[in-house]
Amino acid sequence: MSHVPERYEDELLSEEPLSDELLSDELLSGELLSVEGLSVDYFDRAEPVHAVRDVRLGVRRGETLGVVGESGCGKSTLVTALTRLERPPAVITAGSALYRPREGEPVDLLRADERQLSALRWRHLAIVFQSAMNALNPVHRLGAQFVDVLRAQRGLSKKEAQERAGELLGLVGIPADRLRAYPHELSGGMRQRATIALALACEPELVVMDEPTTAVDVVMQRQILKQIGKLQAEFGFSVVFVTHDLSLLIEIADRIAVMYAGRVVEVGPARQLYENPAHPYTAALRNAFPPLRGPRRPLTGIPGSPPGLRHPPAGCAFHPRCASRFAPCDTEEPELLPAGAGEAACHLPTHADAPRTEEAPDATD
Amino acid sequence: SAGPAGQGGKKASDSLTVNLGFSGNTIVRNFNPFSLQASQGTFGFQYEALFGFNILQGGKFVPWLGTKYTWADGGKKITVALDPRANWSDGSKLTAKDAVYALEYVKKQDLPVDWKFDFKTATAPDDHTLEITFDTPAYAKLRNIGGIQPIPEKIWQSQDGKTFTNPQPVASGPYVLKKYSAQQLTFEARDNYWKQKVPVKTLKAPVVASSSEIGKLLSGEIQWSGGAVPDVQKQYVAKDPANHHAWYPTYGGLFMFFNHTKAPFKDVHVRKGLSLAVDRTELADVGNPGMFHPLNSTGLDARTQGKWIDSAYRSAEQPKAQLAAAEAEFAKAGYTKQGGKLVGKDGKQLAFKILEVSEFADSIQRDKVIATQLAKAGIDVQVQPIASAQLDKARQDANFDVLVGGAVYYNTPYNFFKDMLFSGNKGIWTNYGHYNNTKADDLLQQMEGSGDDAAILKTSAELQKIMVDDVPAAPLITIGASAQYNSKNWTGWPDEKNPYAIPAPWAGPTDMVNTILSLKPVSGAKAK
Amino acid sequence: MTAPVVPLGAESAPAATRKGPRLGRARYFVRRLAFYLVAAWIAITLNFLLPRLMPGDPASVLIAQMQGRTALSGDMIASIYRLFGNPSEPLWDQYLTYLGQVFRLDFGLSVAFYPTPVWEVISAALPWTIGLVGVVAVVSFLFGTAGGILAGGRAGSKLDSVATPGAMFMTALPTFWIALLFVLVLGFQLAWLPTGGAYDPDLEPGLSGAFLGSVVTHAILPALTIAMGWAATWYIGMRNMMITTVSEDYVLLARAKGLSKGTVLFRYAARNAMLPSVAGFAVNLGNVVGGQLLVEAVYAYPGVGYLLFQSVASVDYPLMQALFLMVSLSVLAANFLADSVYGLIDPRARETGS
Amino acid sequence: MPPTDASKPVLEARKVSKRFTLHGPGQYGKEVHALEPVTLALHPGRITALVGESGSGKSTLARLLALAHPPTSGEIRLDGERIAAARTARGKRAYYRQVQMVFQDPFSSLSPVHRVRHILGRPLQLHGGAQDKAARERQTVELLERVNLTPADQFIDKFPHELSGGQRQRVAIARALAARPRVLLGDEPVSMLDVSIRLDILNLLGSLRDDGLAILYITHDIAGARYFADEIKVLYAGQLVESGPGEELVRDPRHPYTRLLVESAPDPDRIAPPPDPDGDDAPPGEPPSLVDPPGGCRFHPRCPLAVPQCATTFPPRTHLSAKRWVHCWSHDAGVPQIPQADPVPHTDCPVPHTDRPVPHKDKDNSP
Amino acid sequence: MSVDAAAVAARGGFRLPENRKVRAGLALLSLFVLLALLGPFVVEDVFGMSATAIDTSASMQPPSSAHLLGTTATGEDVLAQLVVGSRISLLVGLTAAVISTTLSVLVGVAGGYLGGRPDALLTVVTNVSLVIPSLPLLVIVASYVKGRGGWLTVALIIGLTSWPWGARGKRAQTLSLRRRDFVLAAEMTGESRWWIITRELIPTLAPLISASFLGAVVLSMFADAGLAFMGLGNINLTSWGSMLYWAQNASALPRGAWWWFVPPGACIALVGLAAGLVNFGIDEIANPRLRRANRDIRRAAKAAAKRAHRENS
């Protein structure tokens, strides 16, 4: 509801208007959503968890932006902060997220008050969660969960809302008579598709999907992805798609942001990322997925494990696991700089004394 | 509604609220005078007895329905004259036939009434004369005879005395039941009461939980009560000395009963030792300091029963514990003190239990004090609370060590001693210890046939000697009929100066009714 | 050959199982019912065995006690033996006659309230308990739960930081001791409220305003005493459930949908968080009948709990036995009801075969 | 250890099936037909992958093999000998000395209250004959080193919650190895781990295979199975539908379900979007209810090739080559059971898993 | 409330939890245990006070320097009684809790682990015992055996009537543990059932068992006090419950003798509070969402949020 846990909210009600220069500057880029310097901490103990650190990210109209990273690298924290759904100990400690709707004024989501937000919610900004079982209210019928939002956000009558809900379910291949079912009476795949239909209820411009298919089978996953693609083509919304399955993203995303230890370490077009990763982590990640086709060859994972975010390693957070680390990696934090068609936060391309191997040792193909 | 307003506003002086001490928190609508479960208020206020004795005045005769009695045939025949004014609450006359009917009724149905006694014949030569004959001299039954409660035949003839609950009694007493609820009985004075005009028009008897008794007394919500108010002088009287009164006249004594069928209590030295080890002054001060005092060693109370005590024993009292003397007695029984413990020949410490009724917290408290006192003599005493029915059984079966209990006085010491010493009373009231002494039996036999005080006093002296020398039970302290009353609206209560009745609202019918009929409204109270 | 096309509707429900679920549900229900019948039978049997297993031969104590008070007819003695055990009869025969007597609800006469039949004594006390404890149960549930919803919905708010430690403290206090304190302070020292009984005995029981007012003022202290502990319990349970529920994905989704705060809090979070409490509440209703033994005793409130207290004090075995049976059976009934009704609030519990 | 004969199976399941009886409200007394009669053999030095979607009975089969459930029908054979449901503690111990399991979730498969020392020490004591403390200690260190938890003394005194997921899974594997088993049953042993760690663990298992262990590898991930296993078996709704060498099966799936599985798997190398199995946008349906499963081939309601026969009779096994078979009526329509020539040379296990030349095959036998 | 046993156990074996509530609760409890162990010696032998010495001249005295907590109606020293009484009260509480916890662990864990017929049987037994109201049963049984036996009898009765809730909870916990693979893994290691129950399940459940044990101690102490208050305890013993009983019977309440019944009740309440703290603490360990960050952290969070807000503008 607010970007600070509710208990701090009272003190933050005063709102200052956006500065003009920022607006005009950003408007040029044509991005639907521009995230700048976003940091999120979990204040649960004396030492907070720095779950998202200084993230810059842009979502273009109509595109699918994939966000990938290992477990615990801050993907969910990032998207919940963006949609202003962060849960209590999470505090947004810096940054802005400028949202430019097709009509109306741009809004900085991170500073929008409750009123502004509820105007944006679901009509502009919808979300799909990982586990559909948990995302649907178990004690309400499926229909009711469509109807309440349609009535609240679109002002439809109950009857109209019911009809519309039926149509929406139809979009994802679920017969309208299932509106009367309780969530537990639906199969996992149907529930997941239902939540996607729900996300589209108010024809939003941006749909954030946090691992929407991890709980379903590959077959069902494929089917759901196909449906998302079709709906996206039809309605033209942008998708932020969070997953840790890089091979899946490469297939479906236009651009991919790779996260590691709370930071975006590389962003770029999907194909480029696959074929020509700029960051050793991206390369290593790619190589951790055995290919479905082609010759079998020995693969190795990434040695070590992701760092804790309470005390992320100094310098590049990946350096303890990186095979091509060199002098500055453990002290200087690399910035996200243009690399190829995208950007990467790595010292390798920018430092003169970087070890000049053709490629990072793991990233051979 | 808390506070004095509960008395009923402007008509305050017409009514009085009394705590009759209903057992349980609800009143059972049972006014059958032959049921021992009869609700309080059945006797006295409604059913009346023939006559009574005021033990506070040395057993003075108190006429009631019967105005006088005469013995004939050496105690084998008694004639009671009935008050010709006596009538029933429905207006009809109460005659000697009604008394005869009650006697026959109880006999025929074998009802468990406490005044029940054996007789040969009971007749009513005329409406106001009752004649009862016996096979043996029956002087000692006078109290039971006085307790006879006549009943109107027309109502009772169709009833089973065991089960009839008699919800709306027709009786001869000053009050009739006006309203019954499980929480309160409301009595209304009869205007056709035969004896006199009834001063208190409305008598309310609500249920009062013992925990709230003192509060209600203090607030004036109840004006007459007989509960066990702890430290009544400080807690009640001192709070308003002009109006709050507490008088606990002695009506009996508290005794430590030994089980005479069981070692080591068979040994008189043990009994004496135990008796010597008790500190009676301290005991008297437990709970209600200043209200009780140590008993005379004969078991009688020197202050109220003094005239029956043999001159040799007039001042035989043992207020303080005499541990050295006790130790000497125990030594005679083979007990020696070793390291603070009184140890017998078998090497074991003298140890026993005092059984006590579990509901009586104050009795348990008192027993615990005795236990602590005896502990000083090196004896291990535990108090064990048990259900009263179980206690009855334990007494009957002589299945206990020591009990502490009360014995009550009557018009003469005969009943007292018979209760306590008669071997035929083993296990029941109050020869709990199964005391068996042929000499005592003979003496009692002798006394039963004597009609005059001098003869009674002579035999009694010998019984007193048995009490002192053989200690069948150890006399402890007096017991008093606890009564608290408020003189703000009503005066004329019995007190030390005018002990015309025992004022406890649970006392005998004549005492209780005598009290209520003697009250006078305080003139100022009406204006309030 | 054309492949059989799978119609979309085929996903909706496995048609072949239409008959199945109902049968399954019936069997499930029958099993629950059987369980409660077994439990009832065990309660009844326990009631039979208790006095027979206990030391002190209650039957003869009872007979001795009754004989001290009234002349006992042969019938009554027989009845006492039936209920409390006759050492001379084989246990099995005793059991059968006992069962017969139980089914006729014949528990004999109360000792403490002789000669009132036990059931009459109980039925006089029952309305008071049901009235007092029942109202308190409902009210404390509503208050406790509502407080828990508000506090749990906004963990860390003022309400939460004040009420939660308070409630924790409340649950740690022995209820009868609170009753004692209330009696001392509110009853005696401030004399604000009556501390004994159920109404002013001067008043005519009826529907008069004065009488009802008196009933209410007499009920305030006992009610408050019981309600504080219960409400605190409900509060804590609800708050913790709420905190857990509020961070469920479906609540987050409801927030994401831009629904109003109230809708999110109540329709989404509270409704789900309440499920365990509601289940607990129904079970708790069974305890209503048992009353709040000690609280009723402290306030001398003429309900079932106090009755039990009195029956214990006056060793009224017939009354004790009947009370125990009655309380047991009501708890069973309430549990059975709770089991059966739970499906109404939680659709997952009324499973249709999947 | 008995001599390892690569051609003879160590552990076999012969026509085992499993039904579970349900107890909840609304389904009381119903049965889940979790596994239809399935035959499967594990060979020394060979990894057999079992692939199938969720609920297809993979874990059930693994648990039957681990004697965690008694089979409803069929039998389990160890070294050709029938294992009567080992009830006694001795019987169980003897069996578990040969067969061990690695579980999916390393977070729940290690007791939270014991240290690594205890977790590994117990099986060593029970099975390894390491009775005295010193021997136990030594062997524990060896085990830790074997699963690359070095230096071992850094890990030996830790509680599971002090370890990362990958480290925990290594401890779990070490525990399984402590009994020196000949069979390792892995029920999705890496699916809960981060991608970056998965390969390490799989490579570790691969090296154990090279030591002669028979491994059952259960997974969702067909690409992983191809990478790692020697042969793949595909389970659908409790029925084994296809089996074959991994590479070949993925390249040339013969059962319509296998094909669907392969086509659905993410594949960055895919140039064109996968052909829609139904030709249009209709979703390919969902796995059937196992309480009330469809008759015949359970895939028939979703199968694009289904014929009426499919709904009534489960197709018999069609051997496509010595190592490949499939259960599908489309392969049984009177055509010869075994194709005349099998272009894929089958070297017997153990198969070197590196750079095995896989001749490309264009021939497509599917209808 | 369901608490995940393994989640609790996973927080570090048997070490003292860092949770403040747990620590405060345990500290308070240790204080009372210490009081019960040493208090009577100190009070009786060092200060020469007596819990039973009667002094009718000093009855019902409010706290003074001679009697720090005043005296009873028979002039006993309330402080001495309080200290001496702590022993019996805790003894009854502990013994009853040991009995009921042992029973509940045996029944619950065995049932949950063994499953099948033994479980069905144990479950029925538990559920039946559960629906048979324990308080009236307790009271009635106590009234039958009244006065026979000492504190042990009372403890026994309480212990034997109060196990079913615990058993149910432990069974549920065990069932959820049973689904965890480490139990299966232990079986596959070749451990015996008994070993698994005693070395795997019970240790894992240990934090919960100890929390429920503390709960049982408190409930037993409440029950003991209640029984004593009704006069169903052994009145020769001094316990907090019997103090309340005597106070009630001597009308301490209407007489305003708060010093007589407030201290024993407060002691019981404090022990209750201590166990409550431990329980709430354990809940928080198991379910971190219930935990509330301490004030410093909340302040830091607030400051960070504010800063972010300002910077953007």
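Chains here go by letter, A, B, C, D and E, matching the order in which they are written, and residues are numbered from 1 within each.
Basically, contacts are C-beta pairs under 8 Å (C-beta built on N, C-alpha and C of every residue); 3 or more make two chains touch, one makes a residue touch a chain.
Computed from a prediction, not measured in an experiment: that's the story for all the values here.
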Practice problem: Give the chains in contact with both chain B and chain E, ordered by label. | Solution: C
Exercise. Taking CA centroids for every chain, report which one is farthest away from chain D.
Key: B
Quiz item: Among the chains, which is located farthest from chain A on the basis of C-alpha centroids?
Solution: B
Quiz item: How big is the gap, in whole Å, between where the Cα atoms of chain B centre and where those of chain C centre?
Solution: 44
Quiz item: What whole-Å value do you get for the distance between chain A and chain C if each is reduced to the mean of its CA atoms?
Solution: 51
Quiz item: Where the centres are mean C-alpha positions, what is the separation of chain A from chain D, in Å?
Solution: 34
Self-check item: Distance between the centres, which are taken as Cα means, of chain E and chain A, whole angstrom
Solution: 49
Quiz prompt | Interface hub residues of chain D, defined as touching at least two other chains | solution = 282-284, 286
Practice problem: Indicate the residues of chain A shared as contacts by at least two other chains. | Solution: 5, 7, 173, 187, 190
Quiz prompt | Interface hub residues of chain B, defined as touching at least two other chains | solution = 211-212, 215, 358-359, 387
Quiz prompt | Of chain A, residues touching chain E in the complex | solution = 3-5, 7-8, 11-12, 16, 19, 39, 41, 43-46, 48, 89, 91-96, 108, 110-111
Exercise. Please name which positions on chain E make contact with chain A in the complex.
Key: 288, 291, 293, 296-298, 300-302, 304-309, 311-313
Self-check item: List of chain A residues in touch with chain D within their complex
Solution: 70-71, 173, 187-190, 216-223, 226-227, 230, 244-248, 250-251, 274, 284-285, 288-303, 305-306, 321
Quiz item: Which positions of chain E touch chain B when the two form their complex?
Solution: 52-54, 56-57, 59-60, 73-74, 146-147, 231, 235-236, 245-246, 248-251, 253-255
Quiz item: Touching chain C in the complex: which residues of chain A?
Solution: 1, 5-7, 80, 83, 85, 87-88, 117-123, 125-127, 129-131, 134-140, 148-149, 152-153, 173-175, 177-178, 182, 184-185, 187, 190, 195
